[in-house]
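As structure tokens, the structure follows; a few thoughts come after it.
The first chain written gets the first letter, and so on, giving A, B, C, D and E; residue counts start at 1 in each chain.
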Amino acid sequence: MLEISGLKKEYGGREAVRELTFSLDRGELVCVVGPSGCGKTTLLRCVAGLLPATAGTVSVAGERVTGPPPNMAVVFQEYGRSLFPWMTVRQNVELPLKERRVPRERRERLVFDALAAVSLDDVPGAYPWQLSGGMQQRVAIARAIAYEPQVLLMDEPFAAVDAQTRAELEDLILALWQRLGTTTLFVTHDIDEAVYLGQRVVVLSASPTVVLEDLKIDLPAERDQLSTRALPRFADLRGHVYAQIQRAKGAR
Amino acid sequence: MRVLGLPVLLVLAWWAYSAVADNFYVPDPLRVVRAFADTWFGQRLLDDALPSVGRLAAGYVVATVIGVGLGVPIGLSARLRATAEPVLEFFRAIPPPVLVPLIMLLVGIDDSMKVLVIVSGCVWPILLNTVEGVRALDEVLADTCRMYGISRRHLILRGASPQIMAGLRQALSVGIILMVISEMFASSSGLGFTIVLFQRGFQIAEMWSGILLLGLLGFALSTAFRWLERRILFWHWSNRA
Amino acid sequence: AQEGGKDKVNAGVIAIVDTAPIHLGKAKGFFDKQNIDLTITAVQGGAASISGVVSGQFQFAFANTTSLLTAREQGLPLKVVANGVNSTGETGKDFSAVLVKGDSPIQSAADLPGKTVSVNQLKNIGDTTIRATVRKAGADPATIEFVELAFPDAPAALQNGRVDAIWVVEPFVSQAISQGARAVAWNYAEATPDLTVAMYFTGGDTDPDLVKRFTAAMNESLDYAQAHPEEAREILKSYTKIAPEVIAQITLPKWPAQVNRDSVQAIADAALGDGVLKNKADIAALLP
Amino acid sequence: MTRAIAYGAAGLAALLAVLEAVPRLGLVDARFLPPASEILAELGGLLGTAELWIALGETLRGWALGLAIAFVAAVAAGVVIDLIPGLRAASNSTIEFLRPIPSVALIPLATLLFGASLGSTLLLVVYAAFWQVLIQVLYGVADVDTVARDTARAYGLGRWSAIRHLVWPTALPYIMTGLRLAAAVAFILAITAELVIGSPGLGLEIQTAQSGGAVPTVYALVVLTGLIGIAVNAGVRMLERRVLAWHPSVRGT
Amino acid sequence: MLEISGLKKEYGGREAVRELTFSLDRGELVCVVGPSGCGKTTLLRCVAGLLPATAGTVSVAGERVTGPPPNMAVVFQEYGRSLFPWMTVRQNVELPLKERRVPRERRERLVFDALAAVSLDDVPGAYPWQLSGGMQQRVAIARAIAYEPQVLLMDEPFAAVDAQTRAELEDLILALWQRLGTTTLFVTHDIDEAVYLGQRVVVLSASPTVVLEDLKIDLPAERDQLSTRALPRFADLRGHVYAQIQRAKGAR
């Protein structure tokens, strides 16, 4: 569904990403982790078609990406800046559908369902700045869901929310993904989160970046904040990724 | 009580000074108030205050249209901005009053001259703030628009509106100043003209009443502006309850 | 203030043709002779010189008759000390005129009603004398629309058709005529004979002896300027920015040492009739 | 960077070309708008005269003196208003009323009180510049971060230390903004006072040149005021850069 | 060393903290956890003498607290706002000592040692904004250490730093505490963190707040990010606290 091959990115002659090659099958949820500044955001922006790559290609459903592809949605880390502050929650979620000329009735259905899925159907008339951080990020997620993308990209979406909200949002993402089967690329720097969420975890090296490891997460499909995280296998995987990243940092 | 305390104190101080000092140029407040009523409640309001305000409004609107209209494309295109910036900086730095003689040479002395003088001063704060506002549009929001195929018209004016409003606010005070100055040249009506006429005729209390009226006008306009701004920028952090 | 035996005097004077005598007199040492160390400060207009005198910045200053009458009416204690400048009294050869475009249908002062005429300051000597001239020509000046326009801006405004007629003084009269304008009225000359246009004055509490000496120096300067027009033209180059070729052409005013009381009275009456003054002026209190 | 300069130069060149072409092609009477080359030549000539430099000195003196008085008075007033509890609320309405009074409304008063002299210029400049600075000072002293204030208290900073190490640096960016705005306004008002009242300075030169019908001189002087305006702005920005090296608005660039 | 008894705080008549009573022995490190908005920050500000309590008392070393006590240091959550941006790292650390009129030589020694302890001795001339978030927080910690407090209060100090930096800072705090033996009250909403750091964990209820549980953490004194967190006992304690907080939230 999503293929990244030989991706390279230089900023003004300085190599940030050296060579990335990996792919996602339809309906897969893959997490990408790596040390800070290794190029996770760069990778994601290249995949989203927001940034031209220096070399290599990205393709979605066989189509080469040159600009933002039509069936892709992104949830940015900076939720506070990705919502339109002068629009209500419902207007924010609705806007992309309006621009796509989705008929009114279907549009309302989609918006309502998406807000319900993130438990925000009681505040459609509120403005983003009247909501807590976690709620704002849920609005951004609702907007992505309502858009019905084939591919969903998320860039450290929970980096700025507190731990309890974060756990809730993680479970929300898992539940939605299981229900809708959207191909999802999830970027994070939190190893626990990556192991908890992903079917696979792609570990990146420090910049100039390559793929250090593409790790299959062999935990039960049904996950739970307490029991899954308490599994010895979880600690194993966690420790393994942690050691990898330490190695990556050390090698820098 | 608190709100009124200081103004009352100031007026009392004025009164005391005018009584003690017997300065020809500082008449006592009562005379000024009487002069105010005699001068401004009547024909003068229609003949002088209204045309002034009308010209101010016209100049302000024209400056807004030009400022925002030029500011958006200049803000969006880095190349255009680099080309225009030194020229804009130069024109902005010219004190608007020195343009009065030139504008008079070029367009004459009727109302259009006065409106143009107001435009020539008001347009710069609006233009430069619009450029800055458009240029500093949130990148994440711009990326969001690209990702979800949202056309940028949803973003540009709204996103830049806090800056544009800041420019409009500056332009308002510049506009009042230029309204007065333009009327000090080649005029036969207007608040600025009338005040100068009083000054030349040494009608001191009347002159003070004109200054007072200008103060009231400035105060009323800035209050109205603040009200409007709150409505338009209800979503901006500076206005959130 | 006495310093080295000389009184320091600051005089507020407009930098125009009319004030050539005081500049000439200073250059000739007439003031030194009277033990006056004179500084001439350029001011913008009558209002500035009057308030300069009232606030004590100037001991003496120069202002036109109407401005002095208005200030006096508001209770300012001004006193004239010397004559300033007079009209030549000759129609067609004065330093002040109402001009129209060469191809204008306006032929004389009687055609001015209903037209737009520019003056440098409203409610001042310009509109008063123009009204008087029009009245003398047998027409009713009530429908003339006066607008304010500084002298330098007026010729261009006339050219562009922004106004129907302009009132200007030298050097703009010569300049505009050389560019094709045509004089239709000589308002100073026609309004009243030998009009005293402006005068030198002082405030209420100036040392009488100093006043006497200043008057003496001033009168000597006036006489000298009147007698030596070429030197008067020459001195213009030192304090105005008028081009030398224009200076050679302009019509000079008259500089008699005596104030023409009748003309001042006539102006006061005309101003009262036009509503520029509210009360009958006390000429005697103003004039020496 | 060099590209930006090239584009900027191209923009200026285009402006000059238009100003040269319009009168030469007869679109506007050259008597009213002389070609750019003539204006610049005139400016060059003027710069060689002592008169111009004296006038320039007069203008800058009025500007600098007025700005300095307004600045000191406004900073002092702002700090006092902040220090005395209740004064802010009490003075609020008065400030809000006096501030929008256009300073040019005082021109007649200045003419009467001081005539055509430095005093007139100062009255207008000080009045206009004072409010610009005061408003910024008031915003600034109110903007002290609560966490920073708690930090100061928790680590035992005294009252004067808090003003010196916390309030003043916090307000400084605002004060600099106020200074920048005030410098521009003060320059405009200095020129206006000279132009309208006739106080000595560049404005009076413009006025006299215009009275003599010397149109190219008028244009040359207008261009000069524009250049000075740019210099004033650049100067304050440089000062700002030095004083606020730590501030986001400066360190970003 | 630190005694909190019957502490109650109302904001404008609304009860935020109902009744808190617990104490810290000299040299103890106690973590406080509780749901968001339960009053952790309120508690800490009362203890620091920055906020007057509505009822109850706080005393430090037997002295009743009425204003900021002289021998107490606070590390705030918002490190970005608690460092003075117009001062360099060294000036920030030095300022409280200067106020205290510590002689110059000793002051320099203290500042140097504190910066060395947080591995920042190589950037004393940098401004806070030239540092990463984790480094800024270390400056705030250095300032607290140099102050040589008897009691150290920390309010969610790591809430806004990324996971890797956070792990490093946690270990830093542990090392410093073991070396200096400062009595430390550590507020967090991260259960893992509380269990990992504390000798005891005080669990607060939702607002109006009372102490739900005062839990002894019977993990080995020597802690390590990987092995300690992988211990079954760690998962037990974690699960226990998690359940408590869920209960506290549910009871709201």
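Brief remarks on what is shown
Here is the rule we use: contacts are C-beta pairs under 8 Å (C-beta built on N, C-alpha and C of every residue); 3 or more make two chains touch, one makes a residue touch a chain.
Chains and their UniProt names: A, E = ABC transporter; B, D = Nitrate ABC transporter permease.
All values derive from a computational prediction rather than experimental measurement.
With steps allowed only between chains in touch, the distance from chain B over to chain E (ABC transporter) comes to 2.
Chains touching both chain A (ABC transporter) and chain C: B. Taking the CA centroid of chain B as reference, the farthest chain centroid is that of E.
Between the interfaces B-C and B-D, more contacting C-beta pairs are found at B-D. Centres computed as Cα averages put chain C at a distance of 37 Å from chain D. Our note on geometry: chain A (ABC transporter) versus chain D, Cα centroid distance of 50 Å, whole angstroms. Rounded to whole angstrom, the centroid-to-centroid distance between chain C and chain E (ABC transporter), based on C-alpha atoms, equals 85 Å.
Chain D and chain E (ABC transporter) have Cα centroids separated by 49 Å.
In chain C, 45, 47, 54, 150, 153, 156 are the positions where the chain touches two or more neighbouring chains simultaneously. The set of chain D residues that touch two or more partner chains comprises 32, 111-113, 196, 210. For chain B, residues that reach two or more other chains under the stated contact definition are 101, 105, 199, 202, 204.
Taken together, the chains touch in the following pairs: A-B, A-E, B-C, B-D, C-D, D-E.
Within the complex formed with chain C, the residues of chain B that make contact are 24, 101, 104-105, 108-110, 185-188, 193, 197, 199-204.
Contact residues of chain C toward chain B in the complex are 45-47, 50, 54, 67, 70-71, 74-76, 118, 121-124, 145-150, 153, 156-157, 160, 162-163.
Chain E (ABC transporter) makes touch with chain A (ABC transporter) in their complex at residues 35-36, 159-160, 162-165, 189-192, 225-226, 229-230, 232, 235, 238-239, 242, 245. By the touch criterion given at the top, residues 45, 48, 50, 67-68, 70, 72-74, 76, 78, 81-82, 84-86, 95-96, 99-100, 127, 129, 143, 147 of chain A (ABC transporter) touch chain B in their complex.
Only residues 3-4, 7-12, 14-15, 28, 32-33, 86, 89-94, 96-109, 111-113, 184, 187-188, 191-192, 195-196, 203, 206, 210, 215, 218-219, 221-222, 225-230, 232-233 of chain D touch chain B when the two sit together in their complex.
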